[in-house]
Amino acid sequence: MKTHNALPSKRIPVAVLGATGAVGQRFIQLLDNHPWFEVVALTGSDRAIGQKYYETCHWILPTPMPERVRNLIVTPTMPVEINTPLAFSALPTNVAREAEPLYAQSGTVVCSNASAYRQEPDVPLMLPEVNPDHTKLVSKQQKDRNWPGFIVTNPNCTNTGITIALKPLYDQFGIKRMFIVSMQAVSGAGYPGVPSIDMLGNVVPFIQDEEAKMEWETRKMLGAYQDEQIALAEFNISAHANRVPVPEGHMVCLSVELQREGSIDDIAQAMTSYSAPVISRDLPSSPEMVIQLRSEPDRPQPKMDVMTGNGMTTVVGRLRKDPVFDYKMVILSHNTIRGAAGGSIYNAELLVKQNLLPQ
Amino acid sequence: MKTHNALPSKRIPVAVLGATGAVGQRFIQLLDNHPWFEVVALTGSDRAIGQKYYETCHWILPTPMPERVRNLIVTPTMPVEINTPLAFSALPTNVAREAEPLYAQSGTVVCSNASAYRQEPDVPLMLPEVNPDHTKLVSKQQKDRNWPGFIVTNPNCTNTGITIALKPLYDQFGIKRMFIVSMQAVSGAGYPGVPSIDMLGNVVPFIQDEEAKMEWETRKMLGAYQDEQIALAEFNISAHANRVPVPEGHMVCLSVELQREGSIDDIAQAMTSYSAPVISRDLPSSPEMVIQLRSEPDRPQPKMDVMTGNGMTTVVGRLRKDPVFDYKMVILSHNTIRGAAGGSIYNAELLVKQNLLPQ
Amino acid sequence: MKTHNALPSKRIPVAVLGATGAVGQRFIQLLDNHPWFEVVALTGSDRAIGQKYYETCHWILPTPMPERVRNLIVTPTMPVEINTPLAFSALPTNVAREAEPLYAQSGTVVCSNASAYRQEPDVPLMLPEVNPDHTKLVSKQQKDRNWPGFIVTNPNCTNTGITIALKPLYDQFGIKRMFIVSMQAVSGAGYPGVPSIDMLGNVVPFIQDEEAKMEWETRKMLGAYQDEQIALAEFNISAHANRVPVPEGHMVCLSVELQREGSIDDIAQAMTSYSAPVISRDLPSSPEMVIQLRSEPDRPQPKMDVMTGNGMTTVVGRLRKDPVFDYKMVILSHNTIRGAAGGSIYNAELLVKQNLLPQ
Amino acid sequence: MKTHNALPSKRIPVAVLGATGAVGQRFIQLLDNHPWFEVVALTGSDRAIGQKYYETCHWILPTPMPERVRNLIVTPTMPVEINTPLAFSALPTNVAREAEPLYAQSGTVVCSNASAYRQEPDVPLMLPEVNPDHTKLVSKQQKDRNWPGFIVTNPNCTNTGITIALKPLYDQFGIKRMFIVSMQAVSGAGYPGVPSIDMLGNVVPFIQDEEAKMEWETRKMLGAYQDEQIALAEFNISAHANRVPVPEGHMVCLSVELQREGSIDDIAQAMTSYSAPVISRDLPSSPEMVIQLRSEPDRPQPKMDVMTGNGMTTVVGRLRKDPVFDYKMVILSHNTIRGAAGGSIYNAELLVKQNLLPQ
């Protein structure tokens, strides 16, 4: 992680909602020693309430549980008992739907990894490298809903890599339509997630609700903000979702038809030269490279490339001509870092930089 | 396996070329107790020649090595020392290129799993359920090349399932173009194949030469025989090939655009009602169902469905509308049975039925 | 499966208790087309009651759900609503503790795979190849508990292979003590069992309560029946239990110290020549070989050998001198067939043969 | 890695012998930015000679190939063409046997991971935490063999963890005998190593020559130096070696009988309080903790704990009474870091500290 002009004069206290699950743990891991944020509150389900975090959490990450959260007492997610300016939500969708508005009502800014509000027209669905201007929706959201706080969401883990990889192509060449086939890691299913007896030596060609998200979320993120709303990007996506026996890293095979012609060198150049908008560039979670384009014939691979840029870089490979559309490629993104907790934190950093967080 | 009018009055002696490798072993396993064929000769590489089969073969199948081959002496593949009316070739491509014509020259019919001659205009590329009439090429092949024997090939393991699943759609609705993304089992790479350190918890998005085959072979098999040649089916295919940590069973995500409209029920009906042409129906290796269409949301899966119809049935699932093309689906085929040794044997049975084998 | 003098004049109706879980499904699979038994009733948990089996059961076996159970209505396990002479119990331990006596009370013979009653002095813990005479406990059990039915148990999946492999050594050479280290398949944990995120590329060196069973159950089964009780075999066992990413097949590394000397040939001879007692030999589930001793340096392996004898044979390999005790070896047993459902069924067949089942 | 009084005034140029294999790559990875050593030469097999390292090496580690070696030209291992004071040997045993003496003859100190010379009475078999005084053998080795350089070896990857974990018990309680059963990662087999078809969902209960090493090497390392030789520690070991589908980390189940009694707290205290001898403590590769003793019931696990102390700490867990011997436990060690390349480098650091390296 780079050193930064630590914008906040002191570290902002934050809560993690749904702190004991797989994504909750990633939040806690990534927020440990974060230069701007400091975890002071954790919420959990009934089973966990009132216990110290280390007593109730089955920690599944290979780095040790950070010292500073071990003895935090887990509080209920609802009713809202905590009062931090910022909360990260790792809540399951159904809980998020009910709880997140309560936090926003009570004045907290919620950076959510849940899908519950991604489709709301006044809720930003954000990747700082792609659409930092979509936070303009926030003022409408606060006004219409009469909330002192607000909700900002990050996309589905699979759409994260796809959207980042396509952003430079969308800008320079336009997109007509595309096929995407995902091979997704088991960590994306949370914990306990997929039983090992279903996953060893197997592929499961189905993930509940995933394909609908894959076919929609990218269009919102690549859409244009105007008149207090987002105009969806105009292209169709056909998605196939698969679960594969891989621990971390969602990989996608993509074939894309462009609106305007570009040589393969143009395409490669567009991706490798892509930088995040200036405001998103030097945040604590900004990767050095937004997109890494690999030239080996057999990369990216989850095992080899998932931690590129501390898990925040989108890795693209096998860029080549497509006999049906224009180009095909393979895209890899770390599903629980860039595609979940790390993405939410990056969003929160952007909000700080944009002065959207209450001081 | 069904009981059959055992056409041949006595079992036909056959050789397995390249008998010690992964596909060679499958030939031997599947030919054990075959009603029409009897393995009498095995060839292998220098290392194996002169040894008994059980001494030199590292047997990797979970059923025991058949008794009758254990003590067969492995002979050289070249020069041709054996003289059986039929030989099954499990040779590596480069060896097949040189050796198979020598066998055809010496009067043997070669049913080959190798890719060396699949693209030759006068060599049938065969699936008995799909294109049994392509054996008409044989007489031209014999005449032009002045061979008493001939070569018949079966397709790449990935194209097998795709072609069978698409055959009824091609016949009834026509095909404009398609996307196919494979997730292929490690057994497809032969033995030793992919190192475990590359495969555990990983996906490798590349298989040497595979995509070119995937984009071409289906077009030959769905093509029409006329005037002593095959007119390639006129559609484009875009293929992505991946290796996944699965022992047996190639799975393919497919999106297809048709030439003529059909409801989803029409499509389903076309596939479930598909029967092999009469001549291919009651052969020893004919599966009861050519295509099984599953209705569960999460099937087929390699672990669960790969042995459907003794590994000879093509299993299709997740048939649904496609937002970009017309329909999408998942196709599973057993790569070393239907897609390799079992396919070659089924081809040979067809040749017997067609009286193309020297008596 | 061999043909048998089908002792029962007509098939005996049986129930499967806990029919929707992993072991319950194995019972149903193995009982399909059983020559003596016919599944007529299924019980399940609250969630399943009143539904047709196929509607409520997430079937995880690679062979299709048998036709005859698909439409059976799942009934409650408690209170006892069914009235079959025989029931197979795949209940979780805590449910089994309460439910199994109710069935025995109501006149049903319960062949249980649960551990709840294995340690009761009047309940047989059975392997037909090893201790068929332990069913003599049944009359005492019925008398003392005033039950018209009774309970018979089969051991823990890990102890099954160990006990069978050691039986001939115990008889001929006596056993002083032993070390056993298990590497157990995920199917042993039931369904959903171990999360895939914990199992991919990992070993978990712990299974709840397993080591205590491993150190005790073998002693009861090798113990002698006398005076209406079992005298535990007098030797100590030290056990280490591990879960490994294997779908089916528990493997054990064993080092044993004997009471009397024997050459390695004597030991091998004892194991390979071991036959089940006459009464257990020709039952429908009796394997051809009780023990298969392999001579290759690297066998048994779960993937290759687990289905030996339809999953009912115990496979031993790597028999060699031990520098600390006398001999070391590797033992493989199919944990959900021989070590669970198949073992219970084999027990029930023995009871039929012994005329212990109400007619 | 800690900051150190960088003893050498400038970095010592080193060679890596056998640089393209799995262990060779680990050497190069771990030596990148090493404070004392600098890789200046690489040797390889015929296939690689004359090429730039990045052109010929199939890099299998998830961190990128270090910049400084990419363009080094691979030279032959034999005859000796390079002239560095220090060489790390990742050679296969048979090559090491011939080549390592040639380097010692030419004045190079060889820190070898190969097994070729481990059993030579005048060659130290070293773990700096355990037996740094065994380097006293070096002067005899040089004198008897008339070598200006010399050879120092590190043990087999499996013995590394065992020996470190047992060292404090051996010192305080004495050891009578023990059982060890390993579950070893595939990376221990080098590259390509075990075929994935043999490893997916499987356990292979055999590793060539491994058990003999496991039963002997620990005895040499725990032996006492006296009169220019090592008196082997007097205890017997029984070993079972298994290969499991785990990428990194060898785990061992161990049961040990001690010579003198100790409570479980004594044993735990002995292990947790163990420090390396002073001379081995502050070297660049010294782990903070030599042994970490975990108290959770289900740890260590390779996936979770293998990188403890940057892969240099030995992790012990499940310490408990043993019903046959005295105590049992589970030991985990990183097989390609602590157990291979990292161990050799740590040895070399010790030699620098002991002034045994030519300046």
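When the chains are written out, they are named A, B, C and D in that same order, and each has its own residue count from 1.
One rule holds for everything that comes next: contacts are C-beta pairs under 8 Å (C-beta built on N, C-alpha and C of every residue); 3 or more make two chains touch, one makes a residue touch a chain.
Fair warning: this is a prediction, and the values are worked out from it, not measured in the lab.
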**Prompt:** Computing the C-alpha centre of each chain, which chain sits at the greatest distance from chain C?
**Reply:** A
**Request:** Give the chain pair, either A-D or A-B, that is connected by more C-beta contacts.
**Result:** A-B
**Fill in**
Separation of the C-alpha centres, chain B versus chain D, in whole Å, is 48
**Prompt:** Centre to centre, by mean C-alpha position, how many angstrom separate chain A and chain B?
**Reply:** 43
**Message:** How many angstrom lie between the centres of chain A and chain D, each centre taken as the mean Cα position?
**Reply:** 41
**Item:** Residues of chain C whose C-beta touches two or more other chains
**Value:** 60, 198, 200-201, 245-247, 303-304
**Complete:** Residue set of chain D touching chain A in the complex reads 60, 62, 200-201, 247, 303-307
**Message:** Could you list, by residue number, the parts of chain B that touch chain A in their complex?
**Reply:** 177-179, 181, 183, 198, 200-206, 215, 236-238, 240, 242, 244-247, 251, 253, 255, 297-304, 317-318, 322-325, 328, 330
**Asked** Along chain A, where are the residues that touch chain C in the complex?
**Response** 22, 60, 186-187, 191-201, 245-247
